[in-house]
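What follows is a set of structures for review.
Each of the next two complexes has chain A plus one more chain, namely chain B in the first and chain C in the second.
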Partner chain A sequence: MNALYALIMVLALVIIPLLGAGAAGWHALFGVVLPYLAFTVFVLGFLYRVVKWGRSPVPFKIPTTGGQQESLPWIRQNRIDSPSTKTGTVIRMILEVLLFRSLFRNTRVRLFKDETQLSYGSSKFLWLGALAFHVSFFVILARHMRFFTEPVPALFNWIETLDGIMQVGVPVLFATEIVILLALAYLFLRRVLVPQLRYISLPTDYFALFLLFAIVISGILMRYFVRADIVDIKTLTMGLIQLQPEVPESIGALFYTHLFLVCSLLVYFPWSKLMHLGGVFLSPTRNMPNDNRMRRHVNPWNYPVKLHTYEEWEDEYRDKMKEAGIPVEKE
Partner chain B sequence: MYDAGKILIGLVIFLLLLTFPFWYSLGQASYESPELQLPEDSQECIRDTEWMRKNHMQLLDDWRDTVVREGKSVYTGSEGKQYDMSLQKTCMDCHTSKKKFCDRCHNSASVEPYCWDCHVAPEEVANGQQ
Partner chain C sequence: MAQTPSPDNLVQSIDYTPPRKNWLDNVPPEFRLGNFSYPAKAGELESFFGYEGAKEWSPMDEDWQLPENWQEIIYEGFRERLEKYRSLKVFMDICVRCGACADKCHYFIGSGDPKNMPVLRAELLRSIYRKDFTTVGKILGRLNGGRALTQDVLKEWFMYFYQCTECRRCSLFCPYGIDTAEITMMARELMNLLGIQTNWIMGPVTNCFNVGNHLGIPPHTFKDIVDFMVDDIEDITGKRIEVPLNKKGADILFVTPSGDYFADPGTYTFMGYLMLFHELGLDYTMSTYAAEGGNFGLFTSQEAMKRLNAKIYAEAERLGVNWILGGECGHMWRVLHQYMDTMNGPADFLSVPRNPITGTVFHNAKSTGMVHITEFTADLIKNNVLTLDPSRNDNKVVTYHDSCNPSRGMGLLEEPRYVLNNVCNQFFEMPEQTIREQTFCCGSGAGLNNDEFTEMRMRGGMPRANAVKHVHDKHGVNMLSCVCAIDRAALPPLMNYWVPGVDVTGVHELVANALVMRGEKERETDLRGEPLPGKED
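And then the complex of A and B:
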């Protein structure tokens, strides 16, 4: 059901540009106004979310530990999975951000021998799927820079050459297009086929996947099947970059659909779970060293409590205490 | 903000990366779509220009497969005109310069067809440029 809601939403997002740019011909709206708007919302929303996180105090020291913490000198510490130094923490963050180390440690519980024995096994599929998706996405993003730069820096050419190194067909097939489709399919099927995951999956979980699917499929269609005029599209995109928008006539509805879906992603991004792009850097469970026993973590939230010490109290009531014969500490 | 220094540095890096195309194009002349040297002694391409712009690579791919795999080599254009299916002998007969035609677009679109690893572009060869 949740998947169905998400599917309907994404289909609606596909239909809007087909009607608006395709049937009604509002090319300037879909080609210029909406992209600028979406980019602005993305940037401001992203800043807003990160600053808001930055302003939230971290009351406790809560690094997740994945190994032996620093202890007696003869006990070997796991310096990366339970780092107690800054360097260790930085290495841990780098591994987390670039290689998704915490997903690599996923385990899976299984009952076997007629459900009488329990076993924990390693489960690397989510890690593999996630890494495949993110790397492909990043490469695809980098390849798209050819539309936004002139002359195109060599770095992007190399990425493109590397991606198409198999030289299958003309225009050459990019490996990342296949990989991203497989990865998205896996990430989706995982949610649908595993009962526990299906139970906790919300429409937003599916929405992001479907939206990405739609973007990838529209892009692939445009490259291999309903070919778009790349040269005219570059005129449009460079116009956007140089703030002199120009809308060539020949660009078709498929391109505007692709662009509108990307705009939707940009607008949706800051308000959704996709913000883990910024959030991963601000995760207290990852970016704090595990030095709980060496350094005191003061809760920045602590309210400056107004103290009224016993001494002050006694000063206040000394006369009355003496009258009543209660012993006082100071005469 | 807690850890303001680190967070701000992170955000500045993020913004610089995000706006890379904007500051990369600063101070550059405004973008013009590539200027092509069109053939002088003919008026039209094998199919209409619009179609050629979008689909010439697929046409070439079809030609290659037809010639190399099926051994046929005559292509009938949309107006009934017949062409020899050849990259060097047909396309490059009219579009005599690879540098001033094919490459202009391809540089701008950042594609480097690997065809020229084996095939030769006529004019450049004649002029000893290659």
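And then the complex of A and C:
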């Protein structure tokens, strides 16, 4: 049911540009106004969310330690999973953000009821699927930079060459297009097929996946099947980036659909779970060093609390203490 | 008291298939004896928190008689905590529900209840957050996974945030480090605002504040207990030892959980500390005011935690010690390592801890001024200052249970292992997915070690027990060692239920068994009065 709601929403997002830019021909709206609007919402929204997180203090230093602490000099510390220095913490974060180190630990438990036996197997598929999706996404994003740069920097050309290294088909098939489709399919199927995941999945979880699917598919259609005029599209995109928008007449509805879906993603992004992109950097269990007993962490809102002082306490127990021969302050 | 099902029946009852109905359609949770903890006494809520209007109630009641404006109280409390804790705010926003945490929770593994998946446990809170604190949530409502705050939601909170031991195992596997312990703490704080709290937490908190320890043992009784142990030690070793209490000007203040001097097998570990300190001629003292290392405030609210913890530094300052040594306890070390200095520091009246016997300076504790006893003992052994006869532990085949907090909230992994390997000859590790940073909870942490909760404790402890069973069957392990007082209380019944034939010990009990004291008589028994290997006749 939840998946169905999400599918309907994404289909609606596909129909809007088909009608608006296709049938009604509002190219300026879909080619210029909405992209500017979406980009603004994305940037401001993203900043707003990060600033909002940042305005809440971190009262306690609470790293989740994943290895041996720094203690006696002859005990080998795990400097990455239990870092006590800034460098170690930065390395931990880099591995987390770029390589999904925590997800790499993933295991799967199985219960054999008749033998009352639990077993834990390594389970790397989620890690692989997640990494495949994210890497493909960023490569595809980098490839698209050719639409916003002139001359195109060498880096983007290299990435494109690398992505098409299989040299299959005309135009050359990009590996990331296949990978991202497979990864999205995997991420979707596990949500539907694994009962626990189906149980926890919200419409918004499916919505993000379907929206990405729609973006990728519309992109692939344009490249291989319903060829779009690259030169005209670049005229439009360069116009956008140079703040001198120009709308070539020949651009078709498929391109506007692709663009509108991307705009939808940009607008949706800051208000959704997709903000894990920004949030992961602010997670106190990962971005803080395990140096708690070496360097004091200050809680900005630390306040005095009601205590039961030694003096009050001794008043209550003095006689008994003296009788038992325990030293007291006041005889 | 509810009848706990037999191990076979319990295993057969585990069903990982979630119900068909959407969890957002509030289904009130089914409270039955064995799956919840009794509520706190009204008097204790009043005396400790100054909470007014506390009632006697039961979670099994249909109507919880909440204050009229209870939703407002929760919203206000939630808003305040979102502004105070970045962790809460970020963790409410960034979960993608990937499900990596789902089967990492011991309560999920042992119960199959989908609301024990860490992701869904957090969603119980997030669904309210999304509806009432986010723009999109206000517009999209249920499509965005939001739902209204009703009494049934509150019942779910009570059920499932008191079925979480704040062990942080899920947090280790989360790609964003979302820490359910943090979420559970916040949810418990929110429920506190309505006077919803459990007896087994509130009792110790009140005792610790008023008397000085969780168990409410007053100073003179504390001394009686210590004297009794000194007698036992004399019987076993022939050595009469002194235990300084409230001694001003001592070098070191020693603080340990009250569980260590209250019940077996913790008491043997306590005797172990005393024998070790005597043998070293250590200039130390214990305090009858700060007579508790543990801190059930951690399971209540940060304010309660701070109020209880404050005694340790206050007493160290009053007695004029140079540094503090802490005994074997799990959650106690979470507080000491990650909270104490921030809450009640800076401890500028202390020096950087220095082992007076070996001269080793504990740079890793230079700010907090507090050292873990296994760091201390590992240093002693490394410097060869102890005479040890590990063969006295030869009738024990030992494995080691990492407590959740020292492993995932501190990183204390090698120190106890180094000590164990020097005091016993037969040591075997459990499977790697169940130890060190991946360790499984005893099933009774975070204030859940009460009798009425036994069925859930046996369920939650199943993964731990199962790993013990593995080494019990394979290597004949008969002794489960640990550095935690809750473990020493919780693991014996757990072993009895799942792996009969395995006993539980603290690390320093084994140390004291192996410790050859100067001028001691030839020992016939270990600290438990059981014959030593070769003295069985």
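The criterion applied here is as follows: the second predicted complex is superposed on the first by the 299 of 331 C-alpha atoms of A that agree within 3 Å, B and C clash if a C-alpha of one lies under 4 Å from a C-alpha of the other, contacts with A are read in each partner's own complex, and residues count from 1 in each chain.
The rule we apply is simple: a residue touches a chain if its C-beta (ideal position, glycine included) is under 8 Å from a C-beta of that chain, and two chains touch if they have at least 3 such contacts.
Everything numeric here is computed off the predicted structure, so don't read it as measured data.
Of the two partner chains placed by superposition, only chain B is touched by A:160; chain C is not.
Of the two partner chains placed by the overlay, chain B and chain C both lie in contact with A:54.
Of the two partner chains placed by superposition, only chain B is touched by A:242; chain C is not. Comparing chain B with chain C, the partner in contact with more residues of chain A is C.
In the superposed model, A:151 makes contact with chain B only, not with chain C.
Of the two partner chains, chain C is the only one touched by A:308; chain B is not. For the contact definition in use here, the residues of chain A common to its chain B contact set and its chain C contact set are 54-58, 282.
Residue ranges of chain B in contact with chain A, taken from their complex: 1-4, 7, 10-11, 14-15, 18, 20-22, 24-25, 28, 30-31, 33-34, 50, 53-55, 57-58, 60-61, 105, 107-114.
Against chain A, the residues of chain C that register as touching in their complex are 7-8, 11-12, 14, 16-19, 22-23, 82-91, 93-100, 102-104, 109, 114, 117, 119-120, 123, 134-136, 140, 143-145, 168, 171-179, 182, 209-210, 212, 218-220, 223-224, 245-248, 288-289, 302-303, 306-307, 310-311, 314-315, 318, 337-339, 341-343, 345-346, 360, 362-368, 370, 375, 378-379, 382, 407-415, 418, 431, 433-434, 436-438, 462-463, 466-467, 469.
The touching residues of chain A, when paired with chain B in their complex, are 43, 46-47, 50-51, 54-58, 145-146, 148-153, 156-157, 160-161, 167, 169-172, 227-232, 234-235, 238-239, 241-242, 244, 250, 278, 281-282, 300. Of all residues in chain A, those touching chain C in their complex are 1-2, 5, 49, 52-62, 64-72, 74-76, 78, 81-82, 84, 96, 100, 102-103, 105-109, 111, 113, 116-118, 120, 126, 130, 190, 194-205, 271-273, 275-276, 279-280, 282-286, 290, 292-299, 301-302, 305-310, 313-314, 317, 320-321, 323-328.
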